[in-house]
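Each chain carries a letter (A, B and C) given by its place in the written order, and its residues are counted from 1.
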Amino acid sequence: MSLMSLTAVELGKKIKEKEVSVSEAADAALEGIKNAEGTINSYVTVLSEEDIKKRAKEVQEGIDAGIYAGPLAGVPVAIKDNMCTEGILTTCSSKILGNFVPTYTAEAVINLIKAGAVIIGKTNMDEFAMGSTTETSCYGATKNPWNTEHVPGGSSGGSCTAVAAEECSYALGSDTGGSIRQPSSFCGVTGIKPTYGTVSRYGLIAYGSSLDQIGPVAKDVSDCAAVLETIASYDPKDSTSVKRDDYDFTSALKDDVKGMRIGLPKEYFGEGLDEEVKAAIFKAVDVLKQKGAEVSEFDLGLVEYAIPAYYVIASAEASSNLARFDGVKYGYRCAEYNGLHNMLKRTRSEGFGPEVKRRIMLGSFVLSSGYYDAYYIKALKTKALIKKEFDKAFEDYDVIIAPASPSTAPKIGESLSDPIKMYLGDIYTISANLAGLPGITVPCGTDSKGLPIGLQMLGNCFAEKKIIRTAYAYEQSHEYARCGICK
Amino acid sequence: MSKEYETVIGLEVHVELATKTKIFCGCSTAFGGAPNTHTCPVCTGMPGSLPVLNKQVVEYAAAVGIATGCTINRFCRFDRKNYFYPDNPQNYQISQLYLPICQNGGISIETPEGGKKTVGIHEIHMEEDAGKLVHDEWGEASLVDFNRSGVPLIEIVSEPDMRSAEEVIAYLEKLRLIIQYLGASDCKLNEGSMRADVNLSVREKGSSEFGTRTETKNLNSFKAIARAIANERERQIDIIESGEKVVQETRRWDDAKEYSYPMRSKEDAQDYRYFPEPDLVPVIISDEWFNEIKAKQPELRDEKMARYKEQYGLPDYDIDIITANKKLADIFEETVSLGSSPKKVSNWLMVETMYLLKEKGMEPDKVTFSPANLAKLIKLTDERVINGNVAKEVFEKIFDEDIDPEAYVKENGLMSVSDEGELRAVIEKVIAANPKSVEDINSGKLKAMGFLVGQTMKEMKGKADPASVNKILKELLGI
Amino acid sequence: MANVISDETIEYVGILAKLELSEAEKEQAKKDMGSMLDYIDKLGELDTSDVEPMSHVFPVNNIFREDVVTNGDDSKNILANAPEEKDGSFVVPKTFD
């Protein structure tokens, strides 16, 4: 069996104990890529073997010298292609950044490098993280390793498939409206969206600044906790970064949920939810009940307002965040143009794909003169109300359990034709971004088509440890399921 | 012109703050430097970069607000102003629209008619400057330099309270002095650290309604402002008189050609889509912080003028000249604090310093001599170590090179000779050589005394103490 | 569709967003924006008259830098990705004010 079938923490331990060399671990990742990449398309960029070997050697020396002592030293990682990496192409899966090689590295990635991570490559995503299927990438769709006719989810689709298809040990993703949690659930892996402000956004190419968070994607909860512990930091370069004193997330890895108060919002289990998904989640809830958790249903208000509020806020911020891509300073510039304004327009029109243009247009419109109050301010007020609803819920519950998506992974090509329907698929994940909450998805079985189902747990702000603990306890009840492609 | 018109003017003044670093990154704000050498990912809008606010910017902005009688908003935040232009690296400018740091102030100016009036300040907000576009005269390209991108600015928006170019200039002069006194900016119109945009409309005299206003930019001197105001007033009156309507627009003044033209093309809808900047958190100014800023506030000109009169008994004329520039006032106070007589210090500043500044075409800000050396010079004259003419010569050296006058006088042997014996011998010689003058004096023509003093000074190469010369001369002539 | 997006609106938003859409894209954009706005209009059902708009989820404030120069000459890196560069500057098509 490949070293990539181990969890990141298991592999890190073997490296530390000199059972496995850093270079062997990197080779195993490259082997996994050779095996799966042709069918899955997880990566936009795979680093050259030479560069990987060089880094592996450096890390090995660091480990031998005792400089890299953490659990992830020497373990191969894949980074979503919206995080800047010095000297490595960073595209956001967009033509407009198709030639962009940053000269600086995102803070979260720096934290990994300091812990001895070996970067294997940059993963495919929906263009600028706008999408739920990883089909809007200018580098072609990524496919679900469980069934290549299906999407992997998105936007961190490539990060999730790279983990599931054993093309790396673990990966970093980003989550603006569910972009870690939903593809994790579609690919049968575990992912965490931390509390807003926990992981620095410096170097993360912004989509919706007030919603974006970087988080880990891995095979299990222990890996996710270890990765989050490594990447989370207070960063003076990110004004929205929050100083915390509880970065020891692995301390929450305890198989003990006695007395844990778990709430199931009735609104999340009603119409529109696939029966098989629902059944799998209730089965998982039973496991937690048996372990002593106190489970009850409750009414969570305003659920149906989260998506419209989200799309107003995210599109508005995106329309402004993506204004800098204009062919002046970096990235794509159209070949022919007539004067400045024509150059800007053509560059942007040729450089952005349809979904990105759709959101930029919507965002520009909702901020434009005469509509700002009706749409943007209204959405910010709705956000305040939604936050209040969650504050209320967390007075009574430690953890809220929800599906990650109304169904398992749809077929490729089915979603993009009806944007509204695609947006509705985000209903269970989006509120966490509006309210800044942490969330985790863990696999909880497969449907009759053999596609993975994910279970989502939401915690109150700064209560990562509660969801990590609950997810870990649940995870002890079953084995990690590998997908067909790596067997 | 059949009707009489009134000009209504409001100003938007941009002032570059005197911080060492930019508003959102640790790049230097120093002038000069090759293109893009004072830049980083933040001030060039690189993907993934994030702004962090320079605390000093808030303190300067609040200080200007306090000094201009504004209310300081204890909760303020930044907004994004969205528009595409290549000198604006993010294609949005971080500014303040909804909750600016200062509001509702005003400053008092003297009107050309000799009265006083208050020009209201609507708001003061903090924002970032744009980069520089250099247009290639012959080529097909423009070059973008982001060295100025992110330099902190405050924009001071006045109420439409001014009615003439004279009032506008009085307001700007006053504002400039206040800000210079605070040390928040050097406020140079010609170097762009102070920029004034003129909002102007005209209306029939007596009307209470405002006309449609235009905004005129690119005004680099008080003279340009005066010319642009006269020009725009005429232009608008012509439009109205011909039965047409003034269009609300932004115009650019060309001072060489003395005309203005509309700035924006169809490609720019002026719809800035402001929204709260999500990458920055709000600024909250606590009572404690507010009081700290207030306590650091230096004495402003009006207070200083009153104090000079009270404390030093200086004439109004002197006070007006000395306080017109903070640098001069600082030199004055420091020299006085070293023990010199206020009036004597004032004289050196008003007369010799002003003369040399004019002679050398310098701004008072550029004065470099130290108060200690001026104090020493005054002491040398008080103690009659040197005489007045020598003192002037030494002062010029102090002004140019900040030399130590004590050492200089000694090294160059400029001390006045008051030694009785030496002087007496010289004067006896002078008397003997000028019998005609002695005769005149004896016959009552005392004017001839001056001639003999002059001859003595000449013999002494200017270094005689005039009082001693007079005394000995009178004694020898028996008068 | 309750929200009918006019050609003028699409044209105007295109100017704001600096996007030049083809005729087909414009038609699609009108449809998409109309249906999104219909959906967003759902927010109108909520009474938010007494609610403060929330832009930041946490009451974090006063995050500052001290006024100390920390950056040196980084122009080589800053210009590394320039589509066109001349004399240390970014080159753009000739612009007039």
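As a convention for this text, a contact is a pair of C-beta atoms (placed from the backbone, for glycine too) under 8 Å apart; a residue touches a chain by one contact, two chains touch by 3 or more.
All values reported here derive from a predicted model rather than from experimental measurement.
Undergrad: Return the chain pair with more inter-chain C-beta contacts, choosing between A-C and A-B.
TA: Taking the two pairs in turn, the one with more contacts turns out to be A-C.
Undergrad: Just grab the chain with the largest centre-to-centre distance to subunit B, centres being mean Cα coordinates.
TA: Result for the farthest chain: A.
Undergrad: Which whole number of Å gives the spacing of the CA centres of subunit B and subunit C?
TA: That pair's centroid distance is 40 Å.
Undergrad: Mind checking the centre-to-centre distance between subunit A and subunit C? Centres are C-alpha means, answer in whole Å.
TA: Each chain reduced to its C-alpha mean, subunit A and subunit C end up 23 Å apart.
Undergrad: Just the number, please: Cα centre separation of subunit A and subunit B in whole Å.
TA: 56
Undergrad: Going by the contact rule already set, what residues in subunit C reach two or more other chains?
TA: 12, 16, 18, 55-56, 60, 63, 65, 74, 78, 84, 90, 92-95
Undergrad: Which residues belonging to subunit B are in contact with no fewer than two other chains?
TA: Residues 41, 44, 46, 52-53, 82, 84, 86, 142, 144, 267, 271, 273, 278, 280-281.
Undergrad: Among all residues of subunit A, which ones touch two or more of the remaining chains?
TA: 100, 103-104, 210, 236, 239-240, 319, 323, 326, 328-330, 340-341, 344, 364, 368
Undergrad: Under the stated contact criterion, what part of subunit B meets subunit C in this complex?
TA: Residues of subunit B touching subunit C: 19-21, 24-28, 34-41, 44, 46, 52-58, 82, 84-86, 133-136, 139-146, 218, 252, 263, 266-269, 271, 273, 276, 278, 280-284.
Undergrad: If you look only at subunit B, which of its residues touch subunit A in the complex?
TA: Answer in residue numbers: 41, 44-53, 80, 82, 84, 86, 89-92, 142, 144, 265, 267, 271, 273-275, 278-281.
Undergrad: With touch defined as at the start, can you tell me which subunit C residues reach subunit A in the complex?
TA: Against subunit A, the touching part of subunit C is residues 9-10, 12-14, 16-21, 25, 28-29, 32-33, 35-36, 39-46, 48, 51-58, 60, 63, 65, 74, 77-78, 80-84, 90, 92-95.
Undergrad: How about subunit A: which of its residues touch subunit C in the complex?
TA: Residues of subunit A touching subunit C: 99-101, 103-104, 196-197, 210, 236, 239-240, 242, 302, 304-305, 307-309, 311-312, 319, 323, 326-333, 337, 339-346, 348-349, 352, 354, 357-358, 360-366, 368, 375, 377-385, 387, 419-420, 423, 434-436, 461.
Undergrad: Could you list, by residue number, the parts of subunit C that touch subunit B in their complex?
TA: Against subunit B, subunit C makes touches at 12, 15-16, 18, 55-56, 60-71, 73-75, 78-79, 84, 86-97.
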